[in-house]
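Structures are listed in the sections that come next.
In what comes next, chain A is part of two complexes: it sits with chain B in the first one and with chain C in the second one.
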Partner chain A sequence: MARLDANKATLVKDTLGKLIDRKLLASLEVCVRCGICAESCHYYLADPRPEHAPFYRSEQVRRLYRSLFDPIGRHLPWWVGAQRPTEESLAQLAEMAFSTCTLCRRCTLNCPSGCDTAQIMRAMRTVAVAAGLAPEMLVQLADASIAREEHLEDFKEIYLEQVRALEEEVREATGDPQAHIPVDVEGADILYVALSGAHTILPAAILFHEAGSNWTLSMFEASNYGVFLADTARAKRITERIVREAERLRVREVVVTDCGHAYTTLRWEAPNWFGKPFPFQVRSLIELVAGWISDGIITVDPTHNPEPVTYHDSCNLGRNSGLIEEPRTILRAVCQDFREMTPNREHNYCCGGGGGLVATPEWTDLRLKAGGPKAQQVRATGAQVVAASCDNCRIQLGDISEHYALGTRVVGLMELVVKALVPQRAKGHPLEADVA
Partner chain B sequence: MLETKVDKVLDLKGLLCPVPVVKVSQAIKALPIGAVIEATATDPGVLADIPAWARSTGNEVLSIERQNKVITFRVKRVK
Partner chain C sequence: MSTLEVVTGVLALTGLAVCVVGLGWRVSGVQGRPFRWDVAPAKGSAARGVAYAFTLGMAPWAKESTRRHLLAYVRGILLHLAIFAGLAWLAASPWHAEVPKVVRLLTASVLTAGMAMGLAGFWMRRREPALRQLSTPDDYASLGLVTLFLATAALSAVAAWCLPGLWALSGLMLAYIPFGKLRHFVYFFYTRTFFGLLFGRRGVLESAR
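On to the complex of A and B.
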């Protein structure tokens, strides 16, 4: 076992030390190893080995913590089960934190002591980043997001060209030859932050147009790989792009596309990094669309989606952000045969693609295996279509559909809404602003 | 399209971001410095994502062309 050199040992201790607040300390100290969390975890259900139980994973980080911060653990490590870090043990801890936990927090929900295993795993990810042990791909994706702002002039034209190419499809879908996709509009009410690619821009543009919203499209993508790295410096830097843009355009609210971690980050986490509330509201597109349907601002016809549809609750949107009924309001309105998975809502199983796992190809086999419980849930519904409200989930659900031969099609929630849409605006239907 | 020797061809059609970037990154690691990848994709997100990724990793985008809904790009491994 290779001992850590003095500099790395100090780095590990300092990094972990800075993360220890009362909440993390409680999660590190109060676990009684009751084991209830094991059957909450999709990794354990898919492959019931002790090392896949959340309490086991957390215990490995506790051993590191005790060796560095517990007075007894520092001097008599065997007494309290402390383990001083070595090169090998640190690499194992890093791999465990990135590959065998999707940070879904289902174990936290079911823990009688409230241990937040996801927070412990995130702390370990932060330590791994500091020690140079983070998955290369997550680092590359986070840095690419930062480069996109630093060299915005290089990408602006190509991005605008992409947006212009989509406008024709918006006109076709809405039947309005004047329909367009506004970008960089100062004084708009809403800044909409999509993901890279057309699939989150096009449905939203059609729906914003139909609702008559005063909106503008962000130059940046909502995804934040700094969050998956648990690297607050990178995550804050990626978020700053959107915050600066929203402030410059003086929007009233930022609407995040249907993406789990992006919404949770901007809505709940990011204000803490900046130490102040944002001067704009943050909502998910799902909240807006559910409201538009309930208030009759947009008209939908469920017969346009006749196949049986089930819904996968994104852990970040549902369990961690409380967006549980809004997607169901949408699905009941736009589908003829909506079927719940069991369990569902905050008790839903993670699909296995969260926490950055869909972007780390070195653990694809493990990710597909961990998707086993989700595959069983989907199969039991008999649905032909799985609606997803998060891109990471969408990729994983597509992969497990193929891997487990489910024969299901995975569709974005907003794509189902657009398919059911009965365009009214071109016929003089009242706009969102009129109803408000 | 430039007349450049292509060392690896990737079909990324139908894949959503970040998967095209992940596949290019994986493929380029297995090639020597100076090698060129040619890829086709349908997610227009690659138009900005691939140049941003190349810039942050020190690689070079030789070309990006779009014909209808298919995007073809070439990336050279620089380091």
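On to the complex of A and C.
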């Protein structure tokens, strides 16, 4: 076992030490290793080996913590199972934190003590980043997001051209030759933050147009790979781009596309990094659309989606953000045959694609295996279509549909809404502003 | 009072003092760490989340895990109830003769049941591969101390001559609490509160929406 050199040992200790706030310390200390959270984790259900149990994982980090911060662990390590880090153990811990925990918090909900294993794994990811042991792909993606703002002028024209190219499809879908996609509009009510690619811009543009919203499209993408790295400095810089843009355009609200981690980040986590609430409201497109449907601002016809549809609750949107009933309001309105998975809502199983797993090709096999419980859930519904409200989940659900031969089609929630949409605006239907 | 009773009584009180000081040190360790309230506007109710975390959220039917591991969970609950009963008996034990016999017999039965739950804990720890792999000497020592404490408490409730044994063991157990796994109960109140705040504020828990 290669000992850590003094600099690295200090770096690990300092990094972990700075992360230990009251919440993390309590979770590090509270676990009694009772073992009852094992089956709450989709990794363990898919492959019930001890190392896939949540408490097994968190215990590995506790061993490190005890060896560095607990007096008993420092002086009698064998008594409490403390383990000083070595090059090998640190690399193993890093791999464990990035590849075998999607930070879904299902185990937290199931622990009688409420131990936040996801927070412990997140702390381990931060330590791994500091020690240079984070997955290269996540680091590159995070840095690319930061670079996008630094080189915005180089991007802007190409981006605007791509957006212009999409407008024709918006006109076609809405039947309105005036329909367009506003970008960089000062004084708009809403700044809409999409993901890279047309699939989250187009449905939203159609729906915003139909609702008559005063909106503008962000120059930046919603995804935040700094969050997957648990690297607050990077995550904050990526978020800052959107915050600055929202402030510059003086919008009243930032609406995040259907993306789990992006919403959780902007809605719940990021204000803590800035130490104050944002001067604008943060909502998910899902909340807006559910409201539009309930208030009759947009008209939908469920017969346009006749096949049996089931819904996968993204862990970030549901369990971590409380967006639980809104997607159901939408699905009941836009589908003829909506079927719940069991379990569902905050108890839903993680699909296995969260926590950045979808973006790290080295762990594809593990990810597909961990998707086993989700595949069983989907199959049991008999649905032909799986609706996802998060892009990472959508990719993972597509992969597991193929891998487990489920024969299901995976669609974004907003695609279903657009398919059910009965364009009314050209007929003088009330706009969002009129109803408000 | 016999010399043995005096010596073991002093042991128990010393253990209690170490426990109080040690736990104070542990609590100040947590309190000394930063804590920041979430600043994002709430969707649900943090207060209702915390209330749920300490009440219905602890019910055996509230979680998939406890439904699945009902026996293990009920064992844990009974063990903890017996420990509280044991501590109450420890406090009352110097007045052994004044406690009505029926109360002592009742106490002894509760404590014996608790001791059985403690023994079952050893069996569970050995049976589950993951628990077996992870268990440390501290796990066994903590469970052993508690089980012995319950056993001596049960015995002393029916036979006064066992009181020195209870006091000696209590001194040892109490003194060990801040240094071993038994201290987890202090952190339980923190993690359950944080659980309620998180899932309540974000409107995840049905009762807090």
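In this section, the second predicted complex is superposed on the first by the 436 of 436 C-alpha atoms of A that agree within 3 Å, B and C clash if a C-alpha of one lies under 4 Å from a C-alpha of the other, contacts with A are read in each partner's own complex, and residues count from 1 in each chain.
The criterion applied here is as follows: contacts are C-beta pairs under 8 Å (C-beta built on N, C-alpha and C of every residue); 3 or more make two chains touch, one makes a residue touch a chain.
Being a predicted model, the structure only gives us computed values, none of them experimental.
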> After superposition on the shared chain, which partner residues are touched by A:M137: those of chain B (first), chain C (second), both, or neither?
Replying inline: first
> With both structures placed on chain A, which of the two partners, chain B or chain C, ends up touching more residues of chain A?
Replying inline: C
> Where does A:Y404 make contact in the superposed view: on chain B (first), on chain C (second), on both, or on neither?
Replying inline: neither
>> Quick one: is A:L195 in contact with chain B, with chain C, with both, or with neither? Answer first, second, both or neither.
In response: first
> What is the contact status of A:F155 with respect to chain B (first) and chain C (second): first, second, both, or neither?
Replying inline: first
> Just which bits of chain A does chain B share with chain C as contact spots?
Replying inline: none
> Mind pulling up the chain B residues that touch chain A in the complex?
Replying inline: 16-19, 21-22, 25-26, 43-49, 51-53, 55-57, 64
> Which chain A residues qualify as touching chain B in the complex?
Replying inline: 136-137, 140-141, 143-148, 151, 154-155, 158-159, 161-162, 165-166, 195-199, 221, 223, 225, 358-359, 361, 391, 394-395
>> Can you tell me which positions in chain A touch chain C when the two form their complex?
In response: 20-23, 25-27, 29-40, 50, 53, 55-56, 59, 72, 78-81, 108-116, 267-268, 271-272, 275-277, 281-282, 318-322, 324-325, 343, 346-347
> Taking the complex as given, what residues does chain C use to touch chain A?
Replying inline: 29-31, 33-36, 38-41, 43-44, 53, 58, 63-66, 68-69, 72-73, 76, 124, 128-131, 133-139, 141, 179-181, 183-184, 186-188, 190-192, 194-196, 198-199, 202-205, 209
